[in-house]
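One structure, pasted below without further comment.
Think of it as A, B, C and D in the order they're written, each chain with its own count starting at 1.
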C-alpha cells in the first residue's frame, strides 16, 4: 500500500522518527508492525508501529544497518510501499487495570500506541523504559502527554534508576506486564514479574506475513511464526 | 485480440502458467487478504515430509543484493496433518489444480508421502523435491547424483497415480545428466531450478547471517542461471519442464517459456510483494500483445 | 589510527587486497585516463593462450538484472605478443606485482604459456584459468573434473618458477573436491569463482542474446554463491584463496575476506564504473574503522 | 562524470532528444558516444553524441528496449552519470571538401555534430538522411540551420526520394562519405560510393571504453574494438 512520507527526523544520535500518511485501516492493535519496501534493498524492513491515527502512522527506528541507514535519507513527499497491520500485536483486554509497559531501547516505541489504547480503555498503565544512558532517552514526552507515569532506568545511572529495568520494577505497582526489547530483558522481566504478561519478540523475517517460515520459534503450544502468530507471545506460551 | 494464457502439464490444464513456488506460499491462506488466489494457474504447497519438522534454527533468512537466502529446512506439520488440516482448508478457498511438493530423507519416506498425497483429489501433480539445500542427508544429496535421483523416481512412480515431477538442484556440474536419469526412470516432468547454495556474513557480528551458515539463494539474481539450465534440460529431455528461479515479471515468464518451460513457478517475489503473482498474471496479456504472442502455449523454445 | 590494507599471497606483498579480475581490465591501459592504476594491489591481466584468438562471434554481452553475461571466448593476441608488446607497455605505467592469467586447450598449451610467462620479472603469480565457460574443449572442462585439474596443476608446477594459483569454476557439484585436487597436486593457491554459466533471451527477436547462446554470468548477483564457495574451500584447504565474484564495494571486500579469502579480485564492477577499484580502495579504511579492523590481514575466517 | 538533465522531449513517436549539462571537455570528435548509467540497469547505455558545446551535449535516441524506454522517464533536474568522449569518432581532416554525410534512422544524430565541425572547417557537407516514412523524419531543421543541404530518402516515398539512401546518391556531388546507420545501409553506401569513406558501426557493448572485448570485430588490420578503436572504421579497414 502506498504511503506518503510526512516527516523523518532524528530523536537522538541513532534513533529517528518517521511519520507516514496513508490508509491505516489495516492496523487493528498496538504492537503490530509494517513491512517497508526500501529502494535498492530486496527484502522489506519490519518496523513496529509506534502510534497511529486514521490517516497516518509513526515509526520510531534505530539506525543499525544499511537499511535503516538508508531510511534516514528518505525525504518528506516521497511515497513508500508498506504492508500494514502485520502481526498479532498486544491484547489490551488481556491486560489488567494497572499494566506495566516495559520498553528497552527501540523496544519502547510500540509502548506508545499500547499506552494510548490502554488509557482509552480506562486502564492505568505505567511505562518503564530502559536505556544505556541519559543521552539515548527518547519518547518520554509522548508517554507523559498520555498522562501515564514514565519510569526510567539507565545502565550508567545518568538518568532515573541505575541499572536494568528489573532494578526499577520492585517499587512499582502493577497487575500485568507488556514488554518489548532485547531478549535478555524480556527474560529478566518474565522472571521478575509473575503476573499475566505479553512479550514482543524480534526475529529476522523474510515476508513478514506468515508465508516463508523464516521466523519460526518454538512455544509450549507448538511452533509459531513471529511475524504472523507473534510478535507478541503470552507468558503461558513461552518456553524459558 | 483476447490472449490465451492456458497451458497443459502432463494433461493437467492450467488457466495460466503462473504457479507459486513451494515454500514461498504456505498453503495459500496467508495470501487471501491480498487477492483471490483462484486467479493462479496452480499452487505448489509447502514441502511436506512424513513426520512434522520444526526445521533449522533461526536466523533462517539473509538478504542479498538482488535476492535472499533461506535455511528454513523443510519446516512442515507432517503429511498426515497436511492431509487432515491444510488441504481441506485450502480446498475451501482454492479450486484449481494443486501441486503437492514432497521431500524426504529416504526413499521410503518419499514413497510414504506420495502414497498418501496421490489419493488427494485436488492434487494433480506430485512434485518430488530432491534438491533442498538446507538439510543434511537426503534433500539435495538425492538431486546431485543421477543414480540416486533415478532410484527415487522409480520408487515414487510405482505408487503414484498422478504425474510425477522431479524438482532438480542447480548445484551440480551437469544438470542434464540428472534430468535424463529422472526421465529414463519414468518421471512425467521436471521442475527446475531449486535454490543456489549461497552464504552471507554479518560484518559487525563477524559470523554467518544464517544460523545454519549456508542457505538457498533465490530471487532475480539467479534468473540467468535458471534460464540457462531450463534451456539445457529442455534441449535434452522430452518431458515437460516447469521453469523457476528469480521470476518476478510477466517478461520473465515469457523469457522462461522461450527457454523451453511449459509453465513457471514464482518464488521469492511472493515474499517481497504478496501481490506478485497477481501482478504478473495481469501483466501477461499486455506483454504478449507487445511481443505478438496470442497463445502462451504457442511459445517455442528458441 | 592509520589502517593497514596490505596482504601477502604466497610471499608476494600487496599494498592492498584489491586486484582487477582477468578479462575486465585488459592490460591496464584503458584505465589510465581514469586513475593512477598503481593504487592497485596487483592486476590480473587478460587471459592469455599460446596462439592469438579472436574469440566468439558477437553479440558477446548480455545484460542481467544484477550483472551481465559475457561470451568473449578468450580473445587475446597470444603469449608471444603479450610478452613482446603488452607487458613492456604495462611495465611503463604499472609498478606493482602482476598476476599472469593463463588459459589453454591442452596441458601442453598451459605448460608452454607458463614456461614463457614465469620468466617475466614483474609477473609474480601465475593464475591458471581452468574454468572459462565460453570455449568448447579445454577451459571449463579442466575445471569440472578433479583429475584433469590435478593433471594441469602438476604439469604447470613442473615449469613454474612463480606461485601457481588455479582459477576454479563454480559450475560444479563439489568445488571442494576440485580445490583439494589442485592443492594435493601442488598448487600454491586458488582463485575463485569464475563466472556462473548463464543465459538470456531477446524476447523480440526470440533468440538468445548471445551469439554463443550461453555465457559467463558475473556481477553482484553471483556474490552470495562466490562467498559460499570461498568459505567452503578455505575450510578445506591450507593454501591461500583469492576470492572473487560480484565484489563491488569495500564491504564486499571485507565480507569476502571474512569468508576466508586472503585477497580479492574485482571484475564486472570495472566495466560499469572504470573507477570501481579506486573507489573500493578509498572506501576500505573508513569501512575498517566502522568495523573496528586495523589490519586487513588480521581478518579471520568466520 | 555527473551531468544535469536539461531537456528530454520526443521528436517523433519513437525518437527523443535529451540535453545534458556538464563538462564536455572529454569530447574531442563528432561521432563519439557517451555511456549513460540508468538507475535500475546494470550496464551503461551507449548513445552517440548528436552535438555538443562547452558545457552541454545533445543525445537523440530511439526507444527500442527497456533501457531507452526508461530514459524517456527521466526529468529535467535529475543528475546522470556519464562517461564521455568514448570512441574514435569521425576524422574531419580525412573528409574531402564536399563530404556526403549519410544517416539512416537513428544513425542521423551524430551527423549533426559532424556537419557542424565540417562547416567550421570550411568544408561543404551535404546530409543525406534515410527513413521509412515522412512521419519518422527528425533533425531536418538542425541540418538546415547549419546551412547544409538536407537530402531525404524514404522507403515509402512519402517524403524526398522514394527508396534507399543509395537511390538518392546518384544525383549528388560529393568527394567523400561518412555514414552511420544499419549495417545493410552501410554496406550499400560502401559499394555505391567508391570514394574515401568513414563508416560508424554498432555493436552490443560491455564497458564502452575498450576493457572487456565485448564488441570486437575483424578488420583488414586485425581485430578492433567497436567501442574504443571504433565506432568509426575507414573504408580501407572494412572487410566486405
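Note that a contact is a pair of C-beta atoms (placed from the backbone, for glycine too) under 8 Å apart; a residue touches a chain by one contact, two chains touch by 3 or more.
As the structure is a prediction and not an experimental result, all values here were calculated from the model.
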| Length of the line joining the C-alpha centres of chain B and chain C, rounded to whole Å | 34
| If you average the Cα atoms of chain B and of chain D to get two centres, how far apart are those centres in Å? | 47
| Any idea how many Å lie between the Cα centroids of chain A and chain B? | 36
| field | Contacts with 2+ other chains: residues of chain B | value | 64-67
| Taking chains as nodes and touches as edges, what kind of graph is this: line, ring, star, complete or other? | line
| field | Touching pairs among all chains present in the structure | value | A-B, B-C, C-D
| remark: In the complex, chain B touches chain A at residues 23-26, 29-31, 46, 54-55, 58-68, 70, 72, 75, 209, 219, 270-274
| query | Mind pulling up the chain B residues that touch chain C in the complex? | reply | 64-67, 69, 144, 171-173, 196-201, 203-204, 206-208, 213-214, 217, 220-225, 227-228, 231, 246, 251, 254-255, 258-259, 291, 300, 302
| query | Which part of chain D faces chain C closely enough to touch in the complex? | reply | 37, 41-44, 83, 203-207, 209-218, 223, 228
